[in-house]
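Multiple structures follow.
Below are two complexes that have chain A in common, paired first with chain B and then with chain C.
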Partner chain A sequence: MKGFLQIALGILSAIGGFVDIGDLVFNTQAGATFGFQLLWVVVIGVFGIVVYSEMCGRVAAISQRPVFDLIRERVGFGAGFGTLIAAEVVNLMTCAAEVGGVAIVLQLLGGAPYRVLIVAGVVALMVITWTLPFEWIERLFGYFGLCLLVFAVAVIKLHPHWGSVAHGFVPSISSTNKLVFFYFAVGLLGAALTPYEVYFYSSGAVEDGWGVKDLRINKITSIVGYGLGGFLSFSLMIVAAVVFLPRGIDPQFLGTPAVGAMDAVGKYGLLLALVGMLFAVGGAAIETSFSGAYNLAQFFGWEWGKRRRPGGAPRFTIAWVVIFVLALGIVMTGYDPVKITEYSVIFSVVALPLTFLPILLVANDAAYMGRHRNGRFSNVVGIAYFVVILAVSLSAIPLMLLTHGGQG
Partner chain B sequence: MSKASLAAVGCVALVLAACGGGGRLSQKALQQEAKTVQSLAAEGGILAGDAARGRATKIFVREQAGFLHKAAASSVQKLERAGNAGALSALAARVRDELDRLSRSGGDGAQQRRLGLELTRAAHAAARLGKS
Partner chain C sequence: MTESELDLGLGVLDHQLVDCNGRNCGNVDDLELTPLGDHGDSEVTEILAGGNAWRGRGWFGRLCAALSGDAVHVPWSEVAEVGAVVTLKRAAQELRLGLGDDRAARFVKRFPGA
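Entry: the complex of A and B
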């Protein structure tokens, strides 16, 4: 019974924690631009994060070591350092976007000035991170993030043409605006396959002391949790396709997805959407700051872990504090968090191969994994995904430049 | 004047021309701007309509309409500077003013209803201008 409860709680927090500002922005923009046509890309992205998270969790459970520790050992200092730099840049940009997102949602909920809310939001996030235990942070943000399920209710209330929705899950390419279509496809994959999620998941598994007995929990949490989390992405896209596309609305503001929930469900729908968005982006801000600190600490061999008191892992603690402060500085310049999100997602796509190749290599290495190394299925799927990731990574920046960030 | 100096002067002239922003907008840029105005007006229309029916919080209407107003004001500035936007420029200015009124409408349901209709009409007009 206790094991079942643990799995259920893990799944719930994975669903609630799946969506971040990248998903909110790209799924809504994609739905408003191409209707249901890009739903199949979300399926590919979600399946990818399931496959690689399962591998990461398994590696952590068997080797008792997190991903970045193994990256340095497996690929050497030079390549490992390159991966570290790329990961830290993307983490910082994503953290800045999430911090800006927290301030915007607080502004939409409470109406105080934006810059005051940026500072208040970062201070609140740092206090929560400092004082709450790891599992409470996961649960707090994961469970309140479940308020985003209001978008699923909105889908039902909007009565979309279900035949067209189903057709969106069949891979096809838009006959018009092909480049913009590919840009959004790349963005959706990037939003689903964010590297920080993988680092955070793997380090969290080590923090939770996973071992061989937890491999089942790892499999169920990654498949069901992320799988159902993808359901939220579908909902965001479908709401945008029904509410915004026919009216020619191009969602350029973080509050626009909430307008979709409000139009379908009313005032309570609006409030649930805003609360869900607040906890989704707030949780992701903490995850990105932690992920950055985990990477640095694991690469340089520092003491790390949220389970230690801040004084027990001082350099790790300083690292996540510094990441929050730098993110605060970036957002205080006044640069639009939605634009930062678009750039951070596209740059994270560029860094994806550097994250996923070492995971694939280690998960397939009998010296580390023994009899728990990748089976044939994991390898075939993992390699196929790696080819997709490589192609997407090479095309991300040219597509962003050619389409002026999806504007055509 | 040496070749290098000529090249430098040419580069400076190009940069100044690009930064001046006083140039006329191309047909494609005008169509893009019409789409922006349509999008802002249409979102404002939904917001105003839902606010009138008591389906939105006052703070959300004020803040989201404020974001839309700011974007509309930037679009108006761009169109006025270009000088060749004619009807679109006037329409964008109307949308900007209506979004400003919406952000300050508080709990005035009658005004919100009227603004909702006007913004929806403006969105249709912008869509027509974008196609012409």
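Entry: the complex of A and C
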């Protein structure tokens, strides 16, 4: 039973972290623009997050230290502080995008004015975060987020040409609009490998008191949890490719993916898609606010943790409250959450190398990890991914500027 | 550079400080070294945590130090163990560590459920 509950940590990370507003936006836009051609990029992203989340969960289990502790230990105060600023900016932008997403989905479900729903959404998320224990937050958002499986049902009901779908998993590059293709490839990798996922995952593992006995559950959680997230990403892209591409629909609105589910499954499909999206983006909003608070507290050595009462980790508590309030302020300006999402994903790609390098170094450090240090497979894959991450990180902003955010 | 100097940089500096009750109470932001005779060797005499201890930590460190108060000096003799974290022999309050959390706790505890 305990093992099953621990997998909930992975499910929350998978649904609320992997499938968040970034995945909803980029997978749907990529499917509507390039059909199935970018499915192979999602596979690379999913495999990368599985490898690195397993590594940071293992490091957390053996050393009891979360990722941001390691970042500062390994790269020092100056580079660590630079990473902290970058991570906090990206966390805040992502949190703002998720909060905006919550308001948009609530509007589609209920119809009240957008700005009223932004305030209502943030207040609800803050009350839930303040009052509910960690496990309940995991379960509430993780399990309701599973409503997104309606997109998998939609894929089956839409009867896509499976040969073309399978061909999408074979790496290839579009013959037209190459720059836009690369922009979406970078965005899909960024949406899959978001740094806040590893901050949240490793901090959650330390909060759960993982030790050597939990290494197996870490492996299962990272593979099943993120694998499920990847499965949903494929579904989103396939639905968009079948429903939107032939009709020339450019999904610039967050509610558009749900229309794809409705097209295949009917009004209950629409309802399930919206409920799933609400809990996925709501869970991700909490994760991003926590990630921001975890990072600050770990960098400066404060008390931290959601398992404590708010007064037991006071600066950590103030930090996540402030992140929610700032996110509220950003979305209340009326700036489009989809645009904020695109910027947050692209900027998160830039911050990736400084997040993933310390994980790779420490996971390979015998003094820290003893016999649980990286094996040859983890090292080869970890280093290969780091090279990919570095290349993607350097090309992200130029591609965003050259393609005007994927508009060509 | 000798092996022991390298270990100090990798194994102590920037590590989490934890008091005897398991409370996180800052980081090893800098170390005070005292020369031992004329041989060029030195020993660690103090841990510096917070405030102007960041002065020597690059551009960002100077910026943070300028916005902060004085560092807390913890004698090395108060260190119980050095591992993934630096564990101290006494409670944080006795060493004047974790004061920011104490002040913030007084504010947060005014709210219901805190």
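Basically, the second predicted complex is superposed on the first by the 391 of 408 C-alpha atoms of A that agree within 3 Å, B and C clash if a C-alpha of one lies under 4 Å from a C-alpha of the other, contacts with A are read in each partner's own complex, and residues count from 1 in each chain.
The working rule: a contact is a pair of C-beta atoms (placed from the backbone, for glycine too) under 8 Å apart; a residue touches a chain by one contact, two chains touch by 3 or more.
From a predicted model like this one, the values you see are computed outputs, not experimental measurements.
J.: Using the superposition on chain A, tell me whether chain B and chain C clash or fit.
T.: Overlaying the two complexes on chain A (C-alpha atoms) leaves chain C and chain B fitting together cleanly.
J.: Is A:82 contacted by the first partner chain B, the second partner chain C, both or neither?
T.: A:82 sits against chain C, while chain B stays out of touch.
J.: Specify the partner with more touching residues on chain A, choosing between chain B and chain C.
T.: For chain A, the partner with the higher number of touched residues is C.
J.: Just chain B (first), just chain C (second), both, or neither: which does A:310 touch?
T.: second
J.: Scan A:375 for contacts with chain B and chain C and give back first, second, both or neither.
T.: Neither chain B nor chain C is touched by A:375.
J.: Angle chain B-chain A-chain C between C-alpha centres, in steps of 10 degrees?
T.: Computed from the C-alpha centres, it is 130 degrees.
J.: So in the superposed three-chain picture, is A:253 touching just chain B, just chain C, both, or none of them (first/second/both/neither)?
T.: first
J.: Using the touch definition from the top, say if A:63 reaches chain B (first), chain C (second), both or neither.
T.: second
J.: How far apart, in Å, are the nearest Cα atoms of chain B and chain C after the overlay?
T.: Least C-alpha distance: 35 Å.
J.: Residues of chain A that sit at the chain B interface in one complex and at the chain C interface in the other, please.
T.: Touching chain B and chain C on chain A: no residues.
J.: Under the definition above, what is the set of chain C residues touching chain A in their complex?
T.: Those residues of chain C that touch chain A are 10-11, 13-17, 23-27, 29, 49-50, 54, 57-61, 64, 84-85, 98, 100-101, 104-105, 107-109, 111, 113-114.
J.: What residues on chain A touch chain C, complex-wise?
T.: 63-65, 69, 72-73, 76-78, 80-82, 130-131, 297-304, 309-315, 317-318, 367-368
J.: Could you list, by residue number, the parts of chain A that touch chain B in their complex?
T.: Chain A reaches chain B through residues 107-111, 243-244, 247-250, 252-253, 255-256, 258-259, 262-263, 266-267, 270-271, 274, 407-408.
J.: Give every residue of chain B touching chain A within the complex, in rising order.
T.: Against chain A, the touching part of chain B is residues 32, 35-36, 38-39, 42-43, 45-47, 50, 54-57, 59-60, 62-64, 67-68, 71, 123, 127.
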